[in-house]
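Please find the structures below.
One chain, chain A, links the two complexes that follow: it is found with chain B in the first and with chain C in the second.
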Partner chain A sequence: MNRIITIEEEVPNVHKMVIDAPDVAKKCKPGHFAIVIPDEQSERIPLSIADWDEDAGTVTIYFLEVGVSTMKLARKVAGDEIDMMAPLGRESEIDNYGTVVVCGGCYGVGAIYPIVKALKEAGNTVVTIIEARAKYLLYNEEVLARDSDEIYTATSDGSHGTKGKAQTVMKDLVDGGRHFDRAYIMGCTFMMMRNARMAKELGIPSKVYLNPLMVDATGMCGVCRCDVGGETKFACVDGPEFDGADVDWEQLFKRSAQYVPHQTLAYQHKKCDIDHCGGV
Partner chain B sequence: MEDIYKYAGKRLTPDEMKAAIASSRHAMTEQDAIVRSRNFEEVNLGYSIETAQEEAKRCLLCPVPGCVQGCPVRIKIPEFLSAIVEGDFLEALRIVKEDNALPAVTGRVCPQEIQCEGKCTHVKAKRESVGIGHLERFVADLERYSSEKLPVETAEPTGRKVAIVGAGPSGLTVAADLARSGHEVHVYEALQKPGGVLIYGIPEFRLPKELVFYEVDNLKQMGVQFHYNHVIGRIFTVDEMLDERGFDAVYLGVGAGLPRFMNIEGESLNGIFSANEYLTRNNLMKGYEFPTYDTPIYRGRNVAVIGGGNVAMDSVRTAKRLGAENAYLVYRRSRVEMPARDEEIHHAEEEGVEFHNLTNPIRYLGDENGWVRAMECIQMELGEPDDSGRRRPVPIEGSEFTLDVDAVVVSVGTSANPLLTKSTPGLELNRWNNIIVDDKGRTSKKGVFSGGDIVRGAATVILAMGDGRVAAAGIEEYLETGEWPDKVE
Partner chain C sequence: MTARIDGKDYDIIEGETILDIARRNDIYIPTLCNHPDLSAFGGCRLCLVKVEGFRAFVPACATPVQDDMVIETTEEDLDDLRRRILQLILSEHPSACIICADREECLDLHPDPTKAGRVTGCRFCPNRNECDLFDVVKALGVDDIWVETEYKDVPLYRRDPFIHRDYNLCILCGRCVRVCAEIRGVSAIAFTERSHDATIGTAFQGPLVDSSCVFCGACEDVCPTGSISSKMTRWVSIPEVTGKSTCVMCPAGCAMDVGFKWGRMTITEPSEEGENVAQACLKGRYCTVPLTNSKDRLEYPRVTTDGVLRPVKWETALETAVEGLKGFAPEEIGMIVSPSLTVEEAFLAQRIMRGLGSDNIAIASNMAGPMQKAWGGAMDRVAGIGTMTDIRDCDAVLIVGTDLSLTAAVTQVHVHAAWKDGASVFNVKIDPRKGYRHADVIEPDAYGPFMDILLEEVKAPGQQPHTPDRDAAGRIASALKDADKTAILVGPGAFRDAAEGTQVAKLALELFEAVNGTVLLPLWDGGNVQGVLEAGASRCLTPGQCIEQDSGKYSSGRNPLGEGIKALYLTHPVPEIPEGVEFVVYQGPFGSQVSERADVILPSSMFSETEGTVISLDGRVGSITSDARLPNMAKPDWKVFIDMGRALGLDGFDFEAVADITEAVGLPLEPGTHLPPGEPLPEGDRAVRVDDAVNPVGPWPCSATRYRGREIAEDVEDFLEVAASWGWDE
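Let's turn to the complex of A and B:
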């Protein structure tokens, strides 16, 4: 079991959790993820590792409350214990490519940080773009700015930075004469698809971090199989990082929707229990 | 000193012999087929004490017992049966446990019909074998439910430390043996619970999980320390265990957990699951209790399971219990070639599973949302024997037909998971990525032992435990002498 050191809601529905895990912290690399299990009844939740501190022996994750198990995770308090299995996945391919653009959305605004940092350390000029629906949902800007050469924001409603998405900024920059050697994109599936398609259009090779359904996350169950470049890959052990241009996004969406009716049902069934609404 | 061979060399009197020959096997009470095909409780309900003793009396106490030869770990079967006859149940269990650390498990899941029971003299005389498996289970269950326990005995601490990777039957066996000898044993398991296949693969209706936890608790009492959520090769490597974490030896019992697919058209459609996924959701994550448990499992109406082994049988019977109107078992050979235990095939038939033998899927057809809707199959016939000695199935041209399905479970075997072996330099593998060991369980890497499915490919619980036994002895020897062969093969 691992103890929760801090948990806070960064912006509405994005939770940041720092977990005591000294052995894990020693082994984390950009691109890795963890499986977190809030309690006996919970699912095994895959979450990207957003930061780690070897000296303090801690690991940081960001997550959204989207189902019953993440709801329970969000209701945890400092000092509670959870099960965590990490680090998992292949480490990110990082080198000095020249100028790279890094896009984060959703939990990816938090979890893209190790990649930004590693790209910077490898000598790249790092241009980071983060997106959200509105200003009040943007977070982590200062942290990312520290390791980025430039940072841009995009909001759908235009309340902060460019009106639009990360890919709007990416395109504006390229149209304005900027050249990017690589793009790194992390966020919800839809966000990654949009940005990867734009990168492809602009001729930028991209890396994305797939987040399909997983159960064991060690290659045993195969639920995370996805089509990449015409081959079946297991996101948990062959990924989660893949070339954005090669991913069969349609299939990924369809496969991710497999348990949506179940999840909706369970969420409604459990929400009242867990939040004690209407009870004593 | 207590005579450990108290029940050795017993013989039946002529009258007892006559009665034994005239007797017939006592069936174990089981849940009614219709009732049980809708619940997850155990099918077999166990022997009463009287029935167990009656059944044990059927043993002919052969001077050269075939059953013992048929047992991969050579349990002293006539001895433990004699102890049952005498009502000395704890002694019976102790005798079994000398050779088998998990009798409650193997009594339920061993393929007895091709092992001990298959070699029973009754069978040679065309009678029904003694219910050895049932009796093995009986002695273990009786202790679990009674207040009289076998004492847990461990030797003085030796100061030596051994790490075991994987808490499956193989790893647990090694842990038991080494803890008994006084070594400090740490078990590292990737999942959040111990048991390996016993927890995530074999369903509750065949192997109640409570019983696996009971055995693990016994090990904890013996001082074994369990570390869950530890994927070795990721959180730390085998080399780090040996060089930095102070382990004198490491045992790798990581199983054969990688699912195989058939690579046919449409296999990525929604509703098509590997047996590992289907069973893990159901058993480890308790999907059948969704939404009390959070992990969902898809409850198909027309479910086809591809394969003919224990895993396929477990999957198809699970589908039935999850409410399938039609649960099909689609197998490319015929019933006699099915590798599953006889009892499971028989139970599946009783529960209303529809068998499509000599049939193979060739592609899956889906709807616009990416869900499987039908499966195209082809009929097969048996040709010449293949490497495995079984007759090779060949497709009959023009025999294609379509089966409407909304869920499919692919259960055509598993292979070695390379996650650990890839992170362990110096470990020799064969071409299927199985670890190569010698007759003492030693790998090509000094201080590292292995056994079970990662060595054999998907095999059986008892063989995995037998390997654990051998390796535990190998580890003792190594801790003593420090000797390692130049080459293992």
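Let's turn to the complex of A and C:
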């Protein structure tokens, strides 16, 4: 069991959680994720490790409330305990490529931070673009700015930065004469798909962090199957980092929709014991 | 009288607004705060129109149309103004998805809303497939917001039972406040002030459960945004299959729009088409779906071998039942008919018993027996007089033996309409439970003696010495006599004791005749008691409530839970299996403490999974449709009865579809129509048509908190919370 040190709603529906996990903090690398189990009756959910502090023995996670398990997690308070298995997944491919563009959306705005930091440390010129639907949903800008050479923001409603998405800014920059050697993209599936497509169009090799459903996260169950470059990959052990141009996005959406009935009907029967916020 | 709108002349109906006449003639005027069932509010200003001779634009929803008015609804400057007003509304709403360039692709790829805690855009919104706000956005072509957008950041209300509230989406149209006060007569929510911002809420922003809220869901139904949603079904989004059905959780028979998705029932919403005028109660609106999808359903036929109930094939279960039942003489077999069955199912049930040669059939209802006894002799059929909607025109309403909180709750909507028109409303009840707030509540020690006093005060007022009960009775008596039209509703609370129930039912009928009443309705303790009676599924009755006791056709008309019964066919749980019973067949959707003791279990349907007809407390014929997949091997009750009838080798079971059974019942079961009322017989013709053979069996546990004997709270914890807070937790 791991104790939650702090937990707060960073912006509406995005929660930041700092967890006491000294052993994990020692072993974390950019690209790693954790399996979190909010309580005994909960499913195991994968969440990216957004930061760690070896000295303090903590790891940081940003998560969106999107279903029963994350709902339960969001109702936790500092001092509560959760189960966590980490680090999992393959380390991110980081080198000195020259100029890289890093795109973050939804939980990825928080979780892309170790990659920004590592790219910077490797000697890259790092251009970071973060997106949100509106100004009030943007967070972490200052933290990312510290390790980025440049930072841009985009909002769907134009309330902050460019009106549009991260890919809008990426395109604007390239159209304006910028060259990027690589793109790193993290966020919800839709955001990653749109940005990976844009990167491909602009001729930039991209890395994305796939987020299919997972069960065991040790390559055994096959639930996290994805099609990448015509091959079947297990996101938990072969990823979650993959080449964005090779991902079969349609398949990914289809697979995640498969469990929607089950996840949605769960609200009729599962109840969050903490404050009855869920179903019956 | 005519008015000219956009250059064309239209006839005016007296008293209508500019919006009414426009709607009637399919002229589009954008609206948000207006709702056709509610009073005009004039708050959102989207419906502004230009009227010749008026200096400023006027709100169409709140301006009566006058003869010769010249109205413009479509000029460019008007649309510009409306767009700016709408943009202001959107700036305080999570509007990013509304104006996002990727909206369509994003929503296509996420066909169901993401189950977020806070809704920060349409993709996350439970309302997104039926959003009035977005409809107006589309109609006005808004794709930009010129003012800075802001998230209100007010707390979510997610701890209440059934209802989730997120006022960050609220546009302050006040529809919820008005429906709660005007239609439901509850006024649980109002505009309130939080620091400097207006918002909606209960007094002191407390939980709904501590307010006067009745969890009817009317606010959710009229809200144009996703601010108010059902906790259990808010993420299910639009159903794949929809249908028209009827609720059987209580005898009001509300017409419901039902939805199915993924082979399951996912939503029930009150329909415009019934007498329930698009209203329902917490049982129909919020409990039917989780009850249907309960994890605790009977799913497999079972047979007891070596003392253990083991799953078997249907054939085996039926064979075992047949073998068991045939081992007894007809007069040793008894049947309990559930008042939650459809007319067709009840018809088949009695046909099985009569086919076996037994008339030992009773309805699992405390009211059916006493009512047959009290009204059966004085009326041509045991049935109410007048309809629920007739209550609206009454000047005095007397409710006895219930408070309308969990039995026929929707009738309160009609009672409130009458009250708004000046009717006096009296509620005679014993249990101190939540009731209609505008009623004059009288809490006597017992119903029977009070009804006696009341009748005395009607016939010979003021002759007896004052007592509190007598004074109250005097008040009611003079109101009933003064009224042009009166309604008398008799509910299950008065029937917990059969003798007292019979007395109360008799006195209610006498009272009705003494005051020359208009509406007299039995608020049955079961969803389809009326229909089961009409189906003839009770001793001595045949379909159409014809009396058969003297025909000599049947071996006996015993109490199926009384002496001499050795085999029981249950379609409803009984409080306990009587001593002497050797063989039990239990058919139903849920187990109970007695199903544990059954020799054969036949898993069947909830009303939400079957087809057929039900009859409401005022004789309205409702039809039931479904597209739900039953759990595992369970079958609709009508199919089980057909299989059983055939397995028993009985005649009259070669039906293929429910419609064939409906026809065989032989009654005018046209959905939406009313069966004839129970006409009082002329004085001279009265005869005791039902003798003591129709002694009630029971007493049955309270039906208000149960469906087919199953405590709703077992599957719907939120129901427990509400019911307990209203005093229903005995």
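What we mean here is this: the second predicted complex is superposed on the first by the 266 of 280 C-alpha atoms of A that agree within 3 Å, B and C clash if a C-alpha of one lies under 4 Å from a C-alpha of the other, contacts with A are read in each partner's own complex, and residues count from 1 in each chain.
Rule of thumb we're sticking to: a contact is a pair of C-beta atoms (placed from the backbone, for glycine too) under 8 Å apart; a residue touches a chain by one contact, two chains touch by 3 or more.
The model shown is predicted, which means the values in this text are computed figures rather than measured ones.
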Touching partner for A:5 - first (chain B), second (chain C), both, neither: neither
Touched partner set for A:67, first chain B, second chain C, both or neither: both
Partner chain(s) touched by A:143 [first = chain B, second = chain C, both, neither]: neither
Partner chain(s) touched by A:13 [first = chain B, second = chain C, both, neither]: second
First, second, both or neither for A:237, with chain B first and chain C second: first
Which superposed partner A:164 touches (first chain B, second chain C, both, neither): second
Which of chain B and chain C A:263 touches, first, second, both or neither: both
Overlap of the chain B and chain C footprints on chain A, listed as residue numbers: 67-68, 257, 263, 265, 269
Interface residues, chain C side, partner chain A - complex: 94-97, 99-102, 105-106, 109-112, 114-118, 120-121, 124, 144-145, 148-151, 153, 158-159, 161, 168, 231-236, 261-262, 264, 289-290, 293, 295, 715-718
Residues on chain B engaged by chain A in the complex (per definition of touch): 190-192, 200, 228-231, 234-236, 257-259, 261, 263, 268, 270-271, 273-274, 276-277, 280-281, 285-286, 290-296, 298, 369-370, 417, 419
Touching residues (chain side chain A, partner chain B) in the complex: 23-24, 27, 35, 37, 41-44, 67-69, 72, 83-88, 215-216, 218-223, 225-227, 232, 237, 251, 254-255, 257-259, 262-263, 265-266, 269-270
Parts of chain A lying in touch with chain C, wherever the complex brings them together: 9, 12-13, 64-68, 71, 74, 133-137, 155-159, 164-165, 190, 194, 253, 257, 260-261, 263-265, 267-269, 271, 275-280
